[in-house]
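Should a chain be cited, it is by its letter among A, B, C, D, E, F, G and H, assigned in written order, with residues numbered from 1 in that chain.
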Amino acid sequence: MQELLQRVADGALSVDEALTSLRSLPFEDLGFAKVDHHRAVRTGFSEVVYCEGKTPQQVAEIIASLAEHSGRVLGTRAARDHYEAAQQRVSDLHYDDSARAIWLDRDPDRARADGVVIVAAGTSDLPVAREAELTLDLLGCRAPIISDVGVAGVHRLLHHVKALQSATVLVVVAGMEGALPSVVAGLVAAPVIAVPTSVGYGASFHGVTALLAMLNSCATGVGVVNIDNGYGAACLAAMINRRAGQDRTPAGDHAP
Amino acid sequence: MQELLQRVADGALSVDEALTSLRSLPFEDLGFAKVDHHRAVRTGFSEVVYCEGKTPQQVAEIIASLAEHSGRVLGTRAARDHYEAAQQRVSDLHYDDSARAIWLDRDPDRARADGVVIVAAGTSDLPVAREAELTLDLLGCRAPIISDVGVAGVHRLLHHVKALQSATVLVVVAGMEGALPSVVAGLVAAPVIAVPTSVGYGASFHGVTALLAMLNSCATGVGVVNIDNGYGAACLAAMINRRAGQDRTPAGDHAP
Amino acid sequence: MQELLQRVADGALSVDEALTSLRSLPFEDLGFAKVDHHRAVRTGFSEVVYCEGKTPQQVAEIIASLAEHSGRVLGTRAARDHYEAAQQRVSDLHYDDSARAIWLDRDPDRARADGVVIVAAGTSDLPVAREAELTLDLLGCRAPIISDVGVAGVHRLLHHVKALQSATVLVVVAGMEGALPSVVAGLVAAPVIAVPTSVGYGASFHGVTALLAMLNSCATGVGVVNIDNGYGAACLAAMINRRAGQDRTPAGDHAP
Amino acid sequence: MQELLQRVADGALSVDEALTSLRSLPFEDLGFAKVDHHRAVRTGFSEVVYCEGKTPQQVAEIIASLAEHSGRVLGTRAARDHYEAAQQRVSDLHYDDSARAIWLDRDPDRARADGVVIVAAGTSDLPVAREAELTLDLLGCRAPIISDVGVAGVHRLLHHVKALQSATVLVVVAGMEGALPSVVAGLVAAPVIAVPTSVGYGASFHGVTALLAMLNSCATGVGVVNIDNGYGAACLAAMINRRAGQDRTPAGDHAP
Amino acid sequence: MQELLQRVADGALSVDEALTSLRSLPFEDLGFAKVDHHRAVRTGFSEVVYCEGKTPQQVAEIIASLAEHSGRVLGTRAARDHYEAAQQRVSDLHYDDSARAIWLDRDPDRARADGVVIVAAGTSDLPVAREAELTLDLLGCRAPIISDVGVAGVHRLLHHVKALQSATVLVVVAGMEGALPSVVAGLVAAPVIAVPTSVGYGASFHGVTALLAMLNSCATGVGVVNIDNGYGAACLAAMINRRAGQDRTPAGDHAP
Amino acid sequence: MQELLQRVADGALSVDEALTSLRSLPFEDLGFAKVDHHRAVRTGFSEVVYCEGKTPQQVAEIIASLAEHSGRVLGTRAARDHYEAAQQRVSDLHYDDSARAIWLDRDPDRARADGVVIVAAGTSDLPVAREAELTLDLLGCRAPIISDVGVAGVHRLLHHVKALQSATVLVVVAGMEGALPSVVAGLVAAPVIAVPTSVGYGASFHGVTALLAMLNSCATGVGVVNIDNGYGAACLAAMINRRAGQDRTPAGDHAP
Amino acid sequence: MQELLQRVADGALSVDEALTSLRSLPFEDLGFAKVDHHRAVRTGFSEVVYCEGKTPQQVAEIIASLAEHSGRVLGTRAARDHYEAAQQRVSDLHYDDSARAIWLDRDPDRARADGVVIVAAGTSDLPVAREAELTLDLLGCRAPIISDVGVAGVHRLLHHVKALQSATVLVVVAGMEGALPSVVAGLVAAPVIAVPTSVGYGASFHGVTALLAMLNSCATGVGVVNIDNGYGAACLAAMINRRAGQDRTPAGDHAP
Amino acid sequence: MQELLQRVADGALSVDEALTSLRSLPFEDLGFAKVDHHRAVRTGFSEVVYCEGKTPQQVAEIIASLAEHSGRVLGTRAARDHYEAAQQRVSDLHYDDSARAIWLDRDPDRARADGVVIVAAGTSDLPVAREAELTLDLLGCRAPIISDVGVAGVHRLLHHVKALQSATVLVVVAGMEGALPSVVAGLVAAPVIAVPTSVGYGASFHGVTALLAMLNSCATGVGVVNIDNGYGAACLAAMINRRAGQDRTPAGDHAP
């Protein structure tokens, strides 16, 4: 843009020609579009592939292309055949059956920040918790999972109060009646990202009951994401955690 | 029936005549219909008037008629004008604005049994808790209300653990995310009657969220009634409490 | 607390006495977790495994671990491959295809209490009734199933009035329009645990219609559990039955 | 049409002119449109006015116009101000507050057919039952109402078995769990028109629960109409009853 | 019963003994229960088997048992493996893949009554129409199917006006927007049994849209059954048709 | 923009200053934002005021401001007190009670284009049809309303076939079962904008049934707008009509 | 008809005979039924086959029959086995896996009109966009697809503003939150046909969220079709485009 | 614990030291309830009063009690009569009609932190935005509102890109199709708290459509709260903002 204006100032470009050029400029050159790249820079990988509804070939192609420019790639809601097709193209890909995630991490030893804690109500909620954990790991956060602390045995949860209270932000994963985020949010002063899961049957309506319960939490400080959306919760948590203090990240993190 | 058979035995009635009589006998005379009276005897009042959708005149008439045969009458979901019409006919009626209940109790000093405990999540749930308390009182149970113990401040609930654990049966009333019955049921070994309330807004859907959460409780021992149905919860609790041991009822209860 | 500690420091209270006092204080390490154990002691098995959403390996591991400490174990909503994996670890496990239950019972001849009666509307509702029956058996209750007594042939139900009226608590299982609990509750003076089933099609919405109908029962004394939740109904019924009178349990029950 | 063809035959109209005329003829002249008049003749009044959403003036105008050509007029879902406006125009109109119906009947002593029986679960369902009764009366059927026979007291219903079994067609009105049509249909061999009502609260969802229950009836021979649609049920019942036998109508009915 | 009374009259039975016997008598002996058998006699087969949710073995057993007492048997919502198991037991069974019906008819040449007409909106609705046709055939009605007359080509429907108007009762089957019953009911003076089908996608919600549309029909004389319930519509239609005039049945129908 | 560039070319503005100015320019100056004004020019009024949820004072202020720059203003979903407040500020405003619309038209005699036809199922749907008509009038289209042509009397609709077929685009308004757009779309080759209305009761769910039915239309060429959204349908219809041919607009329309 | 009238004029047919003939004439001969053929002529193929719910054999038969009279045939929502059966009968059929469409086009080189632009939010929405594109192609429109322009990266969409603004009508396809049509409609002055897709999970409810969002668009000029209904959107767009100006069609299009 | 007591008994630990140790033990009397106070300290007021469902007297009492201990009090979802009753007790209370909030602020000049930005789609969403703004103000944050930037005019939003990108956390408020949070989240790298509002009609279902759209956002970094829950969004935003950096708060903030 500066260049273009300079050329107008220099008389190398007529006003009409400049006008035409300006209109054909991609909008991202006008300032606000930097955002996108900015996000990429901060998150550490350019884009995440939502695999459901794509063919294995499509997924393989996209991931191969991403892997050329980035050492960290994530594919969510991926079936095993998505992975197998992609792995043909990118041999060092990983796959997690329970989290249904494909990922690439070419610098597994880089430093991670602390600050995010994941809480899962029951064993059946672990796949969603695992998706969150994996996403956080790729985003540079080390997030421990506290599990099997459903509200029907509240003393089990209270056992972990200290760990809960030490977190900068919590991701709380629960199905069925989805009450765990309310109880956790009542125990801490940090933001709680609530993730309803589709665990349950009958009137759980594939997670809708948990979702509604979380939206109606009588505790403050709870933000809710879509059912089974461990990925989305992790992104939000990482954003909050990152802002909460560079000091928490171990020295050397952004060094090389 | 016995009489009729006797008359057949005596020859005072022919077989054909007896057959005809038998067919026209109301079914309640055939044994199983005693049930209805049996319930009346046990509950202490013959019938409860569901006032919504009835005119004040209809309610007044029904209550006046019941009050002739019983010293205890209850009208639920009653508006003030129901009460005013009925009070014209039965001068010693009472009305509770918040519980929307009309009642008559001509022996207020009779003994009551202990064993039922009512728990209400918040102050806004008290009208429903009050409907339960009032119904239980008429059914002969003295049920204390523990309130303002929502799950977002679980330590407030834990403060009452002893009282909760001493109950034979609990009525737990909550709106919004409806998580309280799960937490309470995890603390006690007694049956929990869960009452969702319409307290809340937006995605609480007038109590549907609380209802669904309660149906999906991960705790065992929870039975659910309709939204705002303090009356129904009380009836069920009284039935359970009554069976749980005559010994709990203070001496002299059924005496006079 | 300070006082108590002072008295220990002063020697006015022995360590053991202090410990005992402390245990009657609320919570976790301080005793309130006994609740949990208390439940275990009374129900006869420490925990029930909800198998759906767990891998066969996870289920096998959990069940093997439980079977080491308890002679009675239950896994609900279990697929056959859950069973097969678990049976590799615990050879005397049982499996019921229709109830989708895995269970272990190393003292099958122990005494059972009477008092619970299960009613099932139709043959298609039997799997849920069977889950309830099996759970009750493990909980120490012998519960007969009365089936094929749907409301469209009310005389078939009336045929069983005596059996219904003899129960301390009833578990009533129905799909489609879910009307059976209302009719049964009108015939008895005992609590009715209503279990909607997903039997039906079209506007039955996988049991939602039955669930809603049961929540709106015009009969009193009905508590509702989740769709197809025979297990939950059984737990609640056993709790009520147990409280209703030790006298019903055949002699020798708790002896050894 | 005959006239037109005659004029073609007579040469008074050319083929082209006839063709043009034919195309502009209203479709009702071409045979199938007789239906509408046919219905009018059979039902005894040309049209029914659905008053909701119309202004009092609109309703008054329509009713005044209908009253010029017919001695029987019906307005459903009418508020009192609809009636008052219409009564200014047609002085011998009637209004029923509970049924929310305006009607005109200038030959109240005409004969009515028997055969339809209306059953209402509770007192609160009577307004809908009354709308059905009134509609049936205008359609020439005398339909008794059997009320207060909810399924929670099935013996009360059984008391009326003879009356139920004598009907050619039954209109069964119920709110809450909507179970009455199933039980009634199981007792009779005649068609049952089920009318869900909005009586209830909470999870009755203004009649949706009753509607769903009726659609899922395990009894055969049940057809369902919209919530609170006593009028529609009456029309359907009258159609069925009329076909079921002219013999049931008292002599002289259609005479003048 | 008569016998019992006779023995009382004869002194062969004491009043007390008679009383005891009476109470244990099945209720169907007390008059109202004749209904059930009455229905069986009129419909021509004792019971219909709802196969969904039953094992092939259960279905086979029930059908074999019914086939011993009746020459006409029907199983609805049956999978092919239900049929195959049942056919092992009853070799002359039939199966219709599209209607998912098993049936037996050992007197296929018996006379059928006219009067019922089935209308199906599109080819995809034919399986449900076929279930209705088959049920009607077993119930003794010959019902032609008029199909491919959806409301988007209303002239195709008008083509059949004469056939529609000649019917005593119509079964109208439609999915998607479910508008056909309204249009048909506007063309005839006979009752219309509306059957929504699950044909459609997206916002058809497996037939719910068609169901709702039919319940809201602006035409009178429409009764609705459950989604895809061709069987239920046929039963209701047959009841109405049967009442509408014995004269329609060809001579010799019930002669044997 | 041109000016700015000219000043850069002229040396009156440095490149840096130009850059700063450019960034602070509203985006609408950068080309794509002309859209908004373009729409305004074509539709004849800059903005429409959605009044619901605004105070009378807010509405009055906005309308007064718009009326300064435009001779045509529209406020939708306006209550009478919105109008009264606005009329204080703009004395020549109009209000339509049934359409709940406020409008200003200072050139009522300007020419209008033909081509749009509005069809309304019943009298109760007229308010929505009227909102569409009024909006179209302000947008420069004269749209006749054909009403009282519900699908239960299809011959009444067929009577208007010629008028329907002459339209360039149709707005079809219906409540209850919402079937009219399907039937109309089957009769014409033009686009049909379907508007569900909240007319109906019970299972009409305030227009949801009509909405769903329209979305599932088996006819092609149907686009649906929100419930009661006569305004939106009119805007869409005017856009389509305008594109369909300048030739339809009477001469002189855009002249002055 | 003309013939018939001529014969009446000639005296070869009596008036009565003519009347009888007229009544039995199919309605399509009376003028309004030309519509259907008219549509066929304009759209270029007589009928589209909705394959879901039909057997492969039924589909093959219908397509074979259509292919005899038309060089362009379309089958929507077709599975591969529908195609394979049909291809046995019509060897030059095509199949598109992602769009689930079968089609025949015997004049692939015919000219197409410009004017329709398809916009798809993400790669997963492409199958629906492809169905629209294919339908438009058969209807004679060449419609480019702009994809991967979801609202979370609005600058990517703005990049295409010129192409969007050049369209006569747009088909906008989106799943998840379904916001794209609102943003697009705000950028253009042309009608937008919004197609919600079932892309998403959890609270996307198989496209319901996108559908609802589109119906509530705050932008004007948006008409909505059913979830995943690319075909319906294409038909509506083609109708609008066709009317919008013959001038856009390349010369020679309809020539031969 | 025993050990600890032993050491007290042994004099190895003073009472004070033991007390301190005990407090670091989990729960209730043992310290964990500090959490609650901790929240109070950080938020600046002990508790917020949810006024809906409480009587004016109850609200007045609670607020009066809070005002004795705190200079900042907030009551949400308050009607004017709640305010009037409370104002009798606490004369310096404020009330905001649109936000339906009662509040007290006795130190209005205290410093506020920057960092939170509120975005509201339209004027009708302002009451909810105002509730958020007011809550944030009491929590010590100064949050500007950017309004009237709905997605149908995306250039209006882009105008504010700089302000959006400067925020630490954004609260985005929108009704109708609820698309604004997706677009905003795509423009910034900060967390977005999405607040659906009940603005809209018909298929907006009182905010449900906006809620669902927000949960399905294709942008990352979005957490959702209940419909119209400006208060909850503000609490969550304040928590995130507070953690994000003490440096943003103007000097002197916590000084006095």
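The rule is simple: a residue touches a chain if its C-beta (ideal position, glycine included) is under 8 Å from a C-beta of that chain, and two chains touch if they have at least 3 such contacts.
Source: prediction; values computed, not measured.
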Legend entry - Given subunit E and subunit F, the chains that contact each of them: D, G
Inset, instruction - State, to the nearest whole Å, the distance from the C-alpha centre of subunit C to the C-alpha centre of subunit G. - result: 56
Inset, instruction - Go ahead and note the Å separation of the Cα centroids belonging to subunit E and subunit G. - result: 39
Inset, instruction - Provide the C-alpha centroid distance between subunit E and subunit H, rounded to the nearest whole angstrom. - result: 60
Inset, instruction - Hunt down the residues of subunit F that sit against at least two other chains at once, touch-wise. - result: 31-32, 36, 122, 153, 158, 186-187, 202-204, 208, 211, 215-216, 220, 226
Legend entry - Pairwise chain contacts under the document criterion: A-B, A-C, A-F, A-G, A-H, B-C, B-D, B-E, B-H, C-D, C-E, C-H, D-E, D-F, D-G, E-F, E-G, F-G, F-H, G-H
Inset, instruction - Mind listing the subunit F positions that touch subunit D in their complex? - result: 98, 122-124, 127, 153, 155-156, 158-159, 199, 201-204
Legend entry - List of subunit D residues in touch with subunit E within their complex: 31-32, 35-36, 38-39, 42, 48, 158, 161, 165, 168-169, 186-191, 193, 211, 215-216, 220-226, 232, 235-236, 239-240, 243-245
Inset, instruction - Using the touch rule from the top, collect the residues of subunit G that touch subunit D in their complex. - result: 1-2, 5-6, 8-9, 11, 14-15, 18-19, 22-23, 27, 30-31
Legend entry - Contacting residues of subunit A [partner subunit B, same complex]: 121-122, 150-154, 158, 176-179, 182-183, 185-187, 200, 202-205, 208-210, 212-220
Legend entry - In the complex with subunit D, residue positions of subunit B that touch it: 26-28, 32-33, 36, 50, 52-55, 58, 62, 77, 196, 198, 206-208, 211, 226-229
